[in-house]
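Given below, in the form of structure tokens, are the structures.
Two complexes are shown next, each including subunit A; its partner changes from subunit B in the first to subunit C in the second.
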Partner chain A sequence: MSDMRVKDRKVEYRRVAYYPGCALEGTGHAYNSSTKAVGKALGLELDEVKNWNCCGAMEVKNIDPKVQTYLSSRVMSIAANEMGAKVVMAPCNGCYHNLKKAEHDLAQDADSREVVDRLSKKAGHATYRPGQLETIHALDWIKHGIGEEGLKGRIRKSLEGLKVANYYGCMYTRPRHIFPEKDKGPGSESTSKPHFMDDLLEAAAAESVDFPLKTACCGGAHTLSDSDTSTKLVLNILRAAEAAGADVIATECPTCHTGLEMHQVRAEKVLGEKTTVKMLYFTQLLGIALGLSPRQVGVQENVSDGLELLRSKRLA
Partner chain B sequence: MIPLPAIESELDRFTPQRQPQAAAERLLALADEVLQQWVVARGEVPTWEQREGFRLLSLHHQGARGVPSFNACRESCREIAYHYNLIIGEPDSSLCAQRQRMMAMLTKHLLLFVSGKMQVEGLGEFCCASRPLRLEFQARESQTRESGSRESQANDASGRLPKNACSPVPSPLAGEGQGEGYDARAEESA
Partner chain C sequence: MPIHEQSLIRPENLKTHDKLVIDGVDVSGHWSTFIESRVVTDYNERLEEEIAALPGGEYIHRCWQCGSCTNSCTVNAVNPDFNPRYWIYLIRMGLESELLRDKGIIWQCVSCNKCTYACPRDVVPEGVMKATAHWLELKGHTPKSKSMIFDEEFSGQVIETGKIEEGRIIRGFFAKTAQPLTQEWLVEMAKRVARRLPIKLGMLMGFAAVFRPRTRGWGRARRAIEEYVSEQHAKQRKALGLAELVEMAQSELSSGAKRV
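For the complex of A and B:
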């Protein structure tokens, strides 16, 4: 699966099963609408996985990791066995991570296979077999399905003059062993210095600033139990983006995005530390570059008000 | 050892220096210091070995042993080393001030992560390390009850973790293959 040639991917990724996951129906709604809008503008088709369920996220995983493996496998089973898909695309880092982890566990661990088989039979659906499906992120989908050159030819509103810090968060690249297709040299994604988002936004003429905290820990889910640590970590990320000269932080995960937005507000309220850098999903920026309006890509739904920035850059 | 609040204060006051090499050396020494404190808090002797020419990377490797989530700061360490090389290699570059600034922010991030982890051990584990925290917590609770000691429940007065507090506790379901979602060895060997 991971060694498909680029030309194969262009065909394979033209129409993929789409697994939005829970976050994209809630706080990440704008990511959902902008992903769909960008796909439509690029001629890439999405077939939403029928009757999908939670991937097991973090909560289930911490109670029983095998139940998380099963939950993710059910999504993959529906995509592969009921929809006949070969590729499933998950734009949320958490979902993407969990589907990849389930694939890894099922390939490596007989106990996981036994549990998933038993629960699948009990639930009345076909058991997912490792290797039936390739799980990709929205970045892979556009990077390999369209590519930078293909994107350049479709740009209607150049992002020239917009300085972007690309923030990938942690679950897109860690732990490395569940992403066997990464770190394979030219053309593949790097786990230490991911660049797919940089590549795509640069194709739309945005300037990627040198941002060394692109995979830095934001405190993540600890935001609930240890908010101050999360706020300080996020504040440092925001300050580094500003110090790097960024107008905006581009995100590719609803959890990262919400975390950055909410802790920016909290840092000002609790620590008295104000930062002004904006946050936009990379799909929102690409959508605007493709000629969509800020409303069509859900900019008004963001907590961080990116509209003023877009207006100042004549992008809205 | 320099207390973590003193390091944080120095990093907050940091401004790019006219002698960039000295600044890079100082920032690298502070980053080493942060990781040393983590290693000492785990009851180990900080290594003096180097990986790829940096003690920092060796200390990170030591600190991540048995704690896959500590890899959440691996890229920060590598970026610190990278920025050090940039500054030392091109002290006259027009980008030198910016590189110093970024190296200081990376060191600050390392400090925030490590100090956060010394207060809340699970920091980073909930996310990218994919670690089944609850099972380990239950196992630890059960062990604590059996030994009649609650020492491993809390940090001591200095805010440091008690010895072995960071050591992974075998999952009660380990024999059934539970918890293989992460592979500590795979991460450690990286």
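For the complex of A and C:
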């Protein structure tokens, strides 16, 4: 039965609806271009959700949580009802989290269903019904759509000798109850010690260092409104990665990535604490392993200058 | 004389005297320090209900004070005064004046959801923190926190156009919180990007925002959301007794005007 399931995903994930979200059109542009480039190199197709809207990130829920549920439900409704998609992929942890949370709330809570139905009708589109779509992260997409074995056969430039701290952040794993498919034992993702990014980059021969702060918080929600706290939290993460011997922190969320980059600079300027570890999106690292150039995966767009590191490892 | 567990006593409740004579006996030196006992008289019996009426606070009644939230808390690790378990206790007991002692830091919850993950009773402490911060502002105990200003700036744009543009949010937020955009670390970050990519810098700071992203045909959704949000806000004001307060103030003003 489990073999059946694996086979299904290989087929289902070959072509999925794609929800980039606002950050990937702004500061996380390199994550967007590298995700698309990696998909292309792996033969995985992306159909961008038509005329999508913002998921509300970490902010709209503080004004009204059910409006945030509605925002996600509209995106899912378009993917399911107007595009006929079965699977929607969101590379941004915030978008991914919110779609998952909306799915959970709509399945479990009658009030949420009522509010979403009311707003959807007034807005003039079909109401999203829970169960119509499966929401996945870019990590699931590659892990289940291609798999480590599939990746190994396509590696053109081994990442051997590159020490990576895999950083997953908060929204990919917490709270546990909105990710019913996680924590299901071998083969499934873990919410306490996530490993999908480790698995994929190890398939490209990178070395995952033992990094205790995989799911620590970067303070992204208050990156500008409480910068001092965010700087302390980021500095912890950077220092832990350096202590673990990492050359680079691999990221899978535009908010985390920008937060690490911003507060690395801020820690240096405000606290006089200099760290040298670099940040690259995991899709940038995978892209390079698949033979793409640093420019094709947008390394030049990062604040943290990964080019020098890639050159020193003969990857650029 | 050293006092055991002195860290548990508030400094203002420690009374130390250099010279002290009690009933004609000079006790200076040895017996010179006293702890003023705490007396709480002003319970707000509706405090828990009020927090529960705000989004996020709905499940506060489930708490059994295990402390998993504080134990797992990201902000607590940075600032030990940040104590969700304690605040939930105070709210449930109606100890409003005690809660107000920490009014300046409750908004600092970073929504990492470690507490919600750890909570064995599904209290959603992260939501309770947001509800409490919101309550403090609605009741006028604290000015709008920077976090709330950011949330409003962000949500305002989403509701208006369906999408956000980061540069516009950053500019709006810095303007509303009266912070200069030319802070040294921001300038340094901009320089590092500019070396390689002047266009990205433009996007980041919004200087070159060519067009404003928006979702097509968003108008109907916008009106529906605005209508819903204003309904919810009215409900919340009612639950917190704010509507009555406004009415009282208005009637007092008008009766005052009559007297004059």
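Assume the second predicted complex is superposed on the first by the 312 of 316 C-alpha atoms of A that agree within 3 Å, B and C clash if a C-alpha of one lies under 4 Å from a C-alpha of the other, contacts with A are read in each partner's own complex, and residues count from 1 in each chain.
In this text, a contact is a pair of C-beta atoms (placed from the backbone, for glycine too) under 8 Å apart; a residue touches a chain by one contact, two chains touch by 3 or more.
Note that the coordinates shown come from a computational prediction; the quantities given were computed from them, not determined experimentally.
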Three-chain arrangement built on subunit A, subunit B and subunit C clash or fit: clash
Contacts of A:Val303 with subunit B and subunit C, given as first, second, both or neither: second
Which superposed partner A:Ala316 touches (first subunit B, second subunit C, both, neither): neither
If touched residues of subunit A are counted for subunit B and for subunit C, the larger one: C
Partner chain(s) touched by A:Arg176 [first = subunit B, second = subunit C, both, neither]: both
Touching partner for A:Arg266 - first (subunit B), second (subunit C), both, neither: second
Subunit B versus subunit C as contact partner of A:Met83, first or second or both or neither: neither
Partner chain in contact with A:Met58 - subunit B first, subunit C second, else both or neither: both
Subunit B versus subunit C as contact partner of A:Tyr70, first or second or both or neither: second
Touched partner set for A:Ala123, first subunit B, second subunit C, both or neither: second
Partner chain in contact with A:Cys22 - subunit B first, subunit C second, else both or neither: second
Residues of subunit A contacting subunit B in one complex and subunit C in the other: 58, 61-66, 170-171, 173-176, 216-217, 219-222, 225-226, 229, 232-233
Residues of subunit A touching subunit C in the complex: 22-23, 25-27, 29, 51-54, 56-67, 70-71, 74, 115, 118-119, 122-124, 170-171, 173-176, 191, 216-217, 219-222, 224-226, 229-230, 232-233, 261-262, 265-266, 268-270, 300-301, 303, 305
Complex interface listing, subunit B residues touching subunit A: 68, 71-73, 75-76, 78-79, 82-83, 98, 101-102, 105-106, 108-109, 112-113, 116, 119-120, 122-124, 126-130, 132-135, 176-183, 186-187, 190
For the subunit A and subunit B complex, residues of the former touching the latter: 58, 61-66, 68-69, 97, 101, 105, 108-112, 170-171, 173-178, 192-193, 210, 212-213, 215-217, 219-222, 225-226, 229, 232-233, 236-237, 239-240, 243-244
Subunit A-touching residues of subunit C, taken from the complex the two chains share: 55-56, 74-75, 78-79, 108, 110-114, 116-117, 124, 127, 130, 134, 145-152, 154-155, 158-159, 162-167, 170, 173-174, 177, 184-185, 188-189, 192-193, 196-197, 200, 203-204, 213, 215-218, 220-221, 223-225, 227-229, 232
